[in-house]
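Please go over the structures that come below.
In the two complexes below, subunit A is the common chain; its partner is subunit B in one and subunit C in the other.
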Partner chain A sequence: MFKAIVGASTLQDALDSVSVLVDECKIRLNEDDLSIRAVDPANVGMVDLTLDAAAFESYEADGGVIGVNLAKLEDFVGMASGDQLVELELDEETRKLNIRMDGLSSTLALIDPDSIRQEPDIPDLDLASEIVLEGAQLDRGIKAGDMVSDHVRLRVNADAEAFHIEAEGDTDDVDFQLDADDLIALTAGAADSLFSLDYLKDMNKAIPKDAEVTVELGEEFPVKVHYAVAEGQGNVTYMLAPRIQSE
Partner chain B sequence: MQFADFAARAAELEAEPGDHATVAGVRRLLGEAGDDLPTVVRFLQGRVFPAWDSRTLNVGPALLREAIARAAGPNVDADDVEDELADLGEVGAVAAAYDFGGQRGLSAFGSGSREPLTVTEVDERLREVATADGDGSEDRRVEILFGQFNRACSDEARFLARLVLGTMRIGVGEGTVRDAVAAAFLAETADEAEADDRGVHPADGDNPATAPPDEAVTAVERALQVSNDYGRVAVVARDTGRAGLNAMGLEVGRPVQAMLAQAGTATDGIDAWGEAVVETKFDGARVQVHHDGDETWVFSRNMQDVTDPLPEVVGFVTAELDVPAVLDGEVVAVDEDGDPLPFQAVLRRFRRKYDIERMREEVRVELRAFDCLHSDGVDLLDAPLTARRDRLDDLLGDTDAVESVVRTADPDEVASAERTALDAGHEGVMLKDPESAYEPGRRGRNWLKRKPDVETLDLVVTGAEWGEGRRANLFGTFLLSARVEGGESYETIGKVATGITDEKLQSLTDLLEPYVDHEDGQEVSIDSAVVFEVGYEEIQPSPTYESGYALRFPRFVGVRPDKSPADADTVTRVARLADEQ
Partner chain C sequence: MEVMGNADLRRLAAIEDIGFDTLGGSVVAVDAHNWLYRYLTTTVKFTDARAYTTADDEEVANLIGVVQGLPKFFEHDIVPVFVFDGGVTELKDDEVAERREAREQAEEKRAEAEDRGDSVAAARLEARTQRLTGVIHETTRGLLERLDVPIVEAPAEGEAQASYMAARNDVDYVGSEDYDTLLFGAPETLRQLTSAGDPELMGLESTLERHGLTREQLVDVAILCGTDFNEGITGVGPKTAVEAITEHGDLWSVLDDRGVYIESADRVRDLFLDPPVTDEYDVRTDISPDIDAARAYVTGEWGVAADEVERGFERIEAATVQTGLDDWA
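Now for the complex of A and B:
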């Protein structure tokens, strides 16, 4: 059983954060929240989304799992303007999702959840640094790196209390530096890893520029990037595996 | 099986020049494959799907380079990979040369170790690549491949890249796999096979003990013919032996290779067989029609599924057949009176993906069936032609889809049947041995297509090259083109050089020189004016020439002063001849 009413923009933003990484996903319709965890085909990037029941106007669910084609679901939900309400209801008989909004009702065929790639367990990581910054700052650093390379090195200089987004191209280099003063918060520890911009750019697309983004970083470890959605009633966590830095 | 083990075996096979040792190597690999046997057999042949399955990975060289670049990064792009390709000449070598694995996977941090690729996983991922479609599917295909390359060591990357493009280059042909399956699973006694494995027999010698018994090879061959699935045949041979293979039959919905004909004369056939069955040779596209009692599929000669483009054939078969059947025949285009239209009309319908309904109104197609491979649960491959034709008559005899045939020992009667067929607008006649079985994929002497003695094409001369030395002021080589249907443009198809004497070259040079358009070094382009009649042995697909075809062993027959370029043979006719051979 699943029936919920939610603001269109809340749902759209939440789905965007997943669709930048995968085309199909499993949605867990838990009693207290709706959650999605998905990993990209190369098993390098992962997203973990939670929308609390409180993020919905109304929410009833009993723990089922459905598989969806995200592009289709986004198309359907995208028919609503941002402040409209969208009603979602699972038809258990036909295994279809009914999506209703003012003046429009549509039916989305679901995918067998077993046919969707198995998500990995979230690695339990001990990451020494935690950087809290604005989405816009992260965006600027990623754009700067993209000018010269297809990878960026995320690094914390613990002594100088600074966070660096660096990129090394064939001929040109970029170093985007944020001091503790520029950041919302910084816990400085040993942290230095290289990441593919193919993934970071996709993740960055979904991160609102005004969001408070937390970056957890270690030495040659995956990075965790998380931020709140739905006015604090939900959370998105990205995890991205590093490329080994060859010196 | 680990993919690394498969890759190591493939590398050994690539390095092995001897046929016997190659068969022995494949046999050992098949013995080790365990549950992965069907996949390993397909991988050895550069396949993910069996031959009857028309699915493809849908990954071209450009997309593959993209995936390799991503795994090879940082700061390696598809152009860099292309540069490497220019140096190394082959994509497997390029993939093997990169040091992949820089990009870690998330699971490496969960379980703490890097997971090696397995044959099963590579197979699953490649199938995932094949099913990706719609918006963004190209990115997804690249991502999946990137994820695989990223975990591949040098040898794994080499054979993964080749597998993606479908060419393994390890010297393992269909015959090798067939012999290896027979040797691995149908050897007379287990002891013998084990003795081979221990190297008791010299692997590269002509030792009879290493060669599988002929009957075993025949059993494998037959199973391959009916199933078109090397993977499944290997499993059946291993698990249930020769009895299992013999029990394998046609499966409705899975195409088998078409039986083919050689060129021959009526007397050839009658001398060999006593009597010949004379069938109309239709000017259409060869199809195999499968009907399971409910659903109908149509496959092309290359076993591509062409069901969707031919809805009226499907409709006809579904309406007329009330039992499962597999039929061999041609799809022909017909006018309002039901008379045949030329082959290019059929081409407008065949393999079409879009505008099917609109084209259906423009070109009407019908089925002409001439053989029945299976009917109501009974395989008829081994039944004589006459029995198969009787069964065909039972199924469709009262429709236009089956034409009556002549059975005769008289060459004159063959000639008269041929005249009737030609007068009705057909291409001629086929001659078949009345007692012959249906042999999938075989181009034997049991089916003959009546052909004029010499195959020639009338082609336009559109270029030439000056000769060398003594012949420096004579044209030595002539560039030939076929006409593009409905226009005054021409597309190149090849060059003819041999078979021309100095004297003849002089007269050809005199004939062509007035039409020279411009010269560039030795090469001369010539305005279309002169038509050559040219003989050849075979038409082959070719990326070199504009027409997409090339002539094998082209031979100058003569100038055709009676023909203008507008009368020259068309690219369409070349395509049809290529399709028929």
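Now for the complex of A and C:
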């Protein structure tokens, strides 16, 4: 059983955070929240989304799991404008999701959840640095890196208490430096890892520019990036595996 | 005259599907001739010859083939070790060697004709790729070295050497399309590494168990049916051969009982059970390809069209510099 009413933009933002990584996913309709965990086919990037029941106007669920084609679901939900309400209801008989909004009702065929790539376990990582910054700052660093390379180095200079987003191209380099004063918060420790911009750019697309983004970073470890959605009633965590440092 | 085709040995072999997902982190000794040949024919079939013909009229389609074939290993976190055949002339028995040579050519020809379903084109293709030329041998090694892929030079049969390395546990699997690796004693062989989709796993123990045979007896069964090195007994297929060996114990008793003779049967038996192999090999798993050097070698030094290999190099680069989240699980 699943029936919920939610603001269109809340749902759209949440789905965006997943669809930048995968085309299909399982949605867990837990009693207290709706959650999605998915990893891209190359096993490099992972997203973990939770929307609390409180993020919905109304929410009733009993722990079922459905599989969806995200592009189709987003298309349907995208027919509503930002402040409209969208009603979602699972038809257990037909295994279809009914989506209703102001005068428009649509039916989305679901995918067998067993046919969808298994959700990964979240690796238990000890990441020494924690950087809290605005989505817009992260966006600026990623865009700067993208001008010269296909990957960036995320690094914390613990002595100088600064966070760097650096990129080295064949001929050109960029270094985007944020001092502790520029950041919302910084816990400085040993942290220096390389990441593919293909993935970071996709994740960055989903991160609101005004979000408070927490980056957990280590020495040649995966990075964790998380931020709140639905006015604090939900949370998105990305995890991205690093590239190997050659030199 | 019966010659045991792959179909006969396949009927005996215990084979199961295996997902690439479960092979991550493993080391595979690849029968290089077998693997290279597959990619060479595909390249020649689908690529304009101008893309791989040098100014000196040397054809190096193998370079495109290798760049297209390697990403599959890297993307699934598998370390390939390429095992090259030694010269066939080093085989002690020239007659046996010639027979094998002729058979290989015939099989290659048939496979091409089947693939293409076009006999004229197949014949032209055959003429072009008939044998691995000296330049193909040289440049394949040159490219693999730049990509830091381990190479082993077998004294004779690459399959035998690869099987030996697997039996000694120095590698996890043999990679070959040939069922002979069972006879050479490879504990586990991955087949269809060159095809789309997941490979097959062929097990020696499970094959022996299924028929209640020892490995020596399996080799005897194969010899009765016919192998790459000998013609089998007329009217004896795998089922009959297994029954005969089970009843009489070994090849000699079966031949005695039937009053028949197989030419150089003892040498063929030795070739499978005690083939020339070497301990001179080094299996490394810390591979760090120099993509730039490989690219320069293929497109610069050998003049291969860049757009034929760029995608392959990108895939190799992505797969070897990018870690996966499962590495931290």
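To be clear about the criterion, the second predicted complex is superposed on the first by the 247 of 247 C-alpha atoms of A that agree within 3 Å, B and C clash if a C-alpha of one lies under 4 Å from a C-alpha of the other, contacts with A are read in each partner's own complex, and residues count from 1 in each chain.
One rule holds for everything that comes next: contacts are C-beta pairs under 8 Å (C-beta built on N, C-alpha and C of every residue); 3 or more make two chains touch, one makes a residue touch a chain.
Note that this is a predicted model, so its numbers are computed, not measured.
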**When subunit B and subunit C are modelled together on subunit A, clash or fit** = clash
**First (subunit B), second (subunit C), both or neither touched by A:D121** = both
**Asked** Between subunit B (first) and subunit C (second), which does A:G169 come into contact with in this model arrangement: first, second, both, or neither?
**Response** first
**Request:** Have a look at where A:A180 lands relative to subunit B and subunit C in the superposition and call it first, second, both or neither.
**Result:** neither
**Prompt:** After lining up the shared chain so the two structures overlap, which partner does A:P41 touch, if you call subunit B first and subunit C second: first, second, both or neither?
**Reply:** first
**Request:** Applying the touch criterion given at the start, work out whether A:A241 contacts subunit B, subunit C, both or neither, answering first, second, both or neither.
**Result:** both
**Prompt:** subunit A residues in contact: does subunit B have more, or subunit C?
**Reply:** B
**Message:** One more residue to check, A:D23. First (subunit B), second (subunit C), both or neither?
**Reply:** first
**Request:** Check the residue A:I111 against both partner chains and state whether it touches subunit B (first), subunit C (second), both, or neither.
**Result:** neither
**Prompt:** Once the two structures are fitted together, what part of subunit A is touched by subunit B and by subunit C alike?
**Reply:** 39, 42-46, 120-121, 123, 125, 196, 221-222, 239, 241-244, 246
**Fill in**
So, in the complex, the side of subunit C touching subunit A is made of residues 75, 288, 318, 320-329
**Complete:** Seen from subunit A, its contact residues with subunit C in the complex are 39, 42-46, 120-121, 123, 125, 196, 221-222, 239, 241-244, 246
**Complete:** subunit A residues touching subunit B in their complex are 23, 39-46, 71, 120-123, 125, 149-151, 168-170, 194, 196, 198, 221-222, 239, 241-244, 246
**Fill in**
As the complex stands, subunit B meets subunit A at residues 70, 73-75, 77, 101-110, 125, 128, 134-136, 140, 143-144, 146-147, 150
